[in-house]
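Look for subunit A in each of the two complexes below; its partner is subunit B in the first and subunit C in the second.
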Partner chain A sequence: MNKGSGVGMGNLIRSEAQRVFKRKRTWAVAIVYIVFVLLECLFLTMMNTSFYDAEHSVALNSLNTAPFLLRELAILMNFVVIPMLAADSFGGDVSSGALRLALIRPISRGKLFLVKWLVLGMLVGGLTLFTWAAGTVFAGIAMPPASETTLMGAGAVGRMGALGFSLGFYGVALCVFLALIGVGGVVARLVPNPVLAYIGILAVIVGGLYVSDALVFLLSVSDSIFHFLGRTGGSDASLGWILCALLAGCAIIGTLGWQRREWNQ
Partner chain B sequence: MENMQDKRAGRVVIPQTEHPLVEIGNVTKKVRRRTLLKDVSFNVEQGEICGLLGPNGAGKTTLIRVMTGLIRPDSGDVFIGGSSVVRQRENAAAHIGAIVESPIFFPYMTGRDNLENLALLHPNLPDRKARRKRVNEVLEIVRMDKRADEKVKTYSLGMKQRLGIAQALLGDPELLILDEPANGLDPMGIRELRELILRLKHEFGKTVLVSSHLLDELQKICDRIVVIREGERVFAGSREEMIGRHAGLEEAFVEMMTT
Partner chain C sequence: MKTAGKSIDEKKGFGAAFAPDRTAADRERPVRRSGGGVGFGRLLTAEWRKLWKRRSAKLMALAGPLTGLVSVKYLLSQNAALDPGLPEYATAGSVPVLALAEMLVTVFSGMMLVLAGLTVTEEYRGGQLRMGMLRAVSLGRIMAAKWVACLLFMLIQLGTYFVCTAAAGRALFPNPESYPLFYGAGRVSYGEGLLYDLRYYALAALALGVLLTVFFWLAAVGRSSTVTLGLGIGFLLVSYMLPTLLSYFRPLFGTEEYVRIYFLSLVTIEWEGIAAMLADLHGLRLWNLGVLAGYGLLFGLMTVWTWKRRDTFE
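Let's look at the complex of A and B:
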């Protein structure tokens, strides 16, 4: 039988996606998150007010609500959804020994790491897109109508400006989530046990604060993105390049780590 | 390498090659200060069943991990089908199907799902039709086709061992590496496994490296025996050479371990 020249990325992604979506925990985490999105919509309807940060509140309307929906949900994402998914995907199958079945095949282990990252990124990206869509639709239906609104740093904007701001906001949020998945991959490389990997990822989020103020975005995602997009200066001004460095660093460390590691589990 | 079917005999004719299928050259592996493998060398020829023997902790599983590229040797190399496991792991892996230690699967999937998932990782099974066909073939070879759609966590150890061999066969490799495949099997299971290994050799032309403590079983199936003790190869030769003047493999092995 012809051994062929290599496994295509499409097949690697399909294989990883099957493993991720066959786990009950993946579905449980996604469903819980979606329920929280709907509850948060209800909560915003009752409050009609949200916050850029601890010092700046804002009255919500049909144009500015979508970014504020992610305010509490980003905490759920960073402290529950991503650590659980990353610990399962990067650590669970390694820890149980089942990933050996994939590791002995003629595939690049560096690519396997990147594919795991990509598949989790697509899942988290889907949840982020759902949050944006739910926030946009819900705001149009249930929040006070407005033809113009004021957004931090963007000034007064109309319908299209508000839509662009919310897309930019969710785009940066997705980059933060992708970076945290990458961090999860590196942490699980060091401690494959899923429980320890989960704790390790939380330790990085909290411990980041003690390393540098610039890493506060892992803890308070929406505050940092509002400050970054609003160009208010301070430690969040460096969010862009720190995210790029974090993504590149995790990609390099993770890929080399998976290529060179000893698989004793 | 393609195996050719001899239609008259119903068996596979193994083409003669210049090099052995497996060449293990001076492999040494240390973990911390402990030497797990020390300068281990031997070859396995195409079409042979080679038994890997040794007491617990002798280094059999470590050697199998080195052969499958799960760990790197500190020195030496393993060549499978002419490709170095250290420098061309993906090329070498294309020649290998393996069970390493116990047959662990993704427990949240059925047996068939596991195989279809792993079939995606073989370059010689690029499309869905080819993958489905191959999965059905290997399930039939190991006689698991009737239970394939049940969750793996419901399988007995014997069924998991057979599914382990099925996943090892997915890419139609020349070499099967089976690490303690008879562990936990009852006498009927051991007999079925023996017959399966012999079928894989005679009907499908596979080369098999099998590690086991069941010396009677190895005596019945192996052409060649390699014995490892405390990380060192102490014997490599034909089954007949190993048995020599002894009544059987067990006596020869015990004497080798005690002298």
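Let's look at the complex of A and C:
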């Protein structure tokens, strides 16, 4: 062990996770999100309908409900949870000086960026998984039972098919969230001040619209994923490769940017 | 007694050697010292300078005209698809209002949040404020000075936005004899339209001031600047989502009741409420003013209370 860069990856992740979970606001925002998941379940039982997009509504049943939780929750995720976590982790640690103690050991800065991304990804991944699980369990209990259902793009599917679809849906959603965290890392590299980093991330989400319609998936996560999975064409058909490009771009720019960072500023 | 008097005299002499010469006029000028020690005007100047010292404030000041440009461009593209008889059709007189309508909810509200987060939470939690508090000034007065400074910043922003968009409207958009206003408030000529625009901007400034007060409370409560921003964005999202949710239950209410509940949210007032106020639709003028006053009073008092009971030495 400890050859070359000095500190093992496992230890880096553990140290970063300690910093993230030591912040009370990490817990607070996670708890708020979970409360909103439960509220969303309540909301869906009251409405019994949801929407693929503004034009297509759908009657909910025990099989097709799970993906629709994300329609409202993704906004909370993209506008509050991820910007807060990213601004605190990528920006706050630097501008508050908390990172100096970690950097006493000879750690590669690029690696540090990837570790931060990974830890936040795991946290957000946990929340996404919880949303999926809550949606699936809740649909089975409270929604009108069905043995077969129709889903946009998948056609008529049974129990396993619906489960597979919802897993795929949440998988793509997680990739969107991961991309946004990466964007947060790059933004916070430019403006370490957490307030500005937070606003910068929001500016990327909203400003993306002015750059290209294909970036709308950062704003309307669930609509775009339905379009993508349903292969309805339009601007969301390119979601797959744009997402990959965004992830790769953030990884490269982030790693290089953090490596070249001046730490004695 | 004698020794004490002597030592004071000595101190005076000591100080006088370093102090710049005070002229007779200076000595005659009454020094206003109201209890706390530092006058409010000087606090305000200090906060004003501190605000402009930030690179982010300068950037934000640039963002105003820039977003004006973006929305003018958007309105030009939008005009091609619209019937000139509609109030949404942009003419030289209506450009300032149309360009502000969408930016008020997003950019200007965001600006208020950033101002509150940067000047209150960050300075307080980061310890920057301690320098200012070396002088005997109460926290409440400092916060009041900050609030006024942010308000002035916002007024200047709105003013530049108005001038920019009005100029762009005159230069790039058609200027018909008269054009219709929103919600059937009649047709106006260019001059009357500009007066309407000014009234619109005054109400927009009022709404932004109330929003700033709400954010100042959030900034006082937030334990860190990211928390403040999260709470602020959450407030905006909830203010947007509740009226949307309400629209599902539309059949349950009469029109009068419905619009009154609908305009209980600050975001809907910014979005559609100001035009409705100017047209006095369903008697909304008084109602919306009442809602704004309610928000302002509630959050203003809560902010005052928060800073009053906060221990400066924590």
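Definition applied: the second predicted complex is superposed on the first by the 257 of 265 C-alpha atoms of A that agree within 3 Å, B and C clash if a C-alpha of one lies under 4 Å from a C-alpha of the other, contacts with A are read in each partner's own complex, and residues count from 1 in each chain.
What we mean here is this: contacts are C-beta pairs under 8 Å (C-beta built on N, C-alpha and C of every residue); 3 or more make two chains touch, one makes a residue touch a chain.
Only a predicted model underlies this, so the values are computations on that prediction, with no experimental measurement involved.
Engineer: Report for A:72: first if it touches subunit B alone, second if subunit C alone, otherwise both or neither.
Structural biologist: Only subunit C is touched by A:72; subunit B is not.
Engineer: First (subunit B), second (subunit C), both or neither: which does A:199 touch?
Structural biologist: A:199: touches subunit C, not subunit B.
Engineer: For A:80, select first, second, both or neither according to whether it touches subunit B, subunit C, the two together, or no partner.
Structural biologist: second
Engineer: Of subunit B and subunit C, which one touches more of subunit A's residues?
Structural biologist: Per-residue touch count on subunit A favours B.
Engineer: For A:15, is the partner it touches subunit B (first), subunit C (second), both, or none of the two (neither)?
Structural biologist: Touch status of A:15: first partner only.
Engineer: A:24 in the overlay: touching subunit B, subunit C, both, or neither? Say first, second, both or neither.
Structural biologist: The answer is both, since A:24 touches subunit B and subunit C.
Engineer: With the two complexes superposed on chain A, say which partner A:210 touches: subunit B (first), subunit C (second), both, or neither.
Structural biologist: second
Engineer: According to the stated criteria, A:98 is in contact with first (subunit B), second (subunit C), both, or neither; which is it?
Structural biologist: The answer is first: A:98 touches subunit B but not subunit C.
Engineer: Considering each complex separately, which residues of subunit A are in contact with subunit B in the first and with subunit C in the second?
Structural biologist: 24
Engineer: List the residues on subunit A that touch subunit C in their complex, please.
Structural biologist: Subunit A residues touching subunit C: 24-25, 28-29, 47, 72, 75-76, 79-80, 83-84, 87-88, 92, 193-196, 198-199, 202, 206, 210.
Engineer: What does subunit C use to touch subunit A in their complex?
Structural biologist: Listed in rising order, the residues are 56, 70, 106, 110, 113-114, 117-118, 122, 223-230, 233-234, 237, 241, 248.
Engineer: Contact residues on subunit A for subunit B in the complex?
Structural biologist: Interface residues on subunit A, with respect to subunit B: 1-8, 11-12, 14-15, 18-19, 22-24, 93, 96-98, 100-108, 262-264.
Engineer: Okay, in this complex, where on subunit B does subunit A touch?
Structural biologist: Subunit B reaches subunit A through residues 2, 65, 68-72, 90-91, 93-96, 98, 100-102, 104-109, 113-114, 116-118, 120-124, 126, 167, 171-172.
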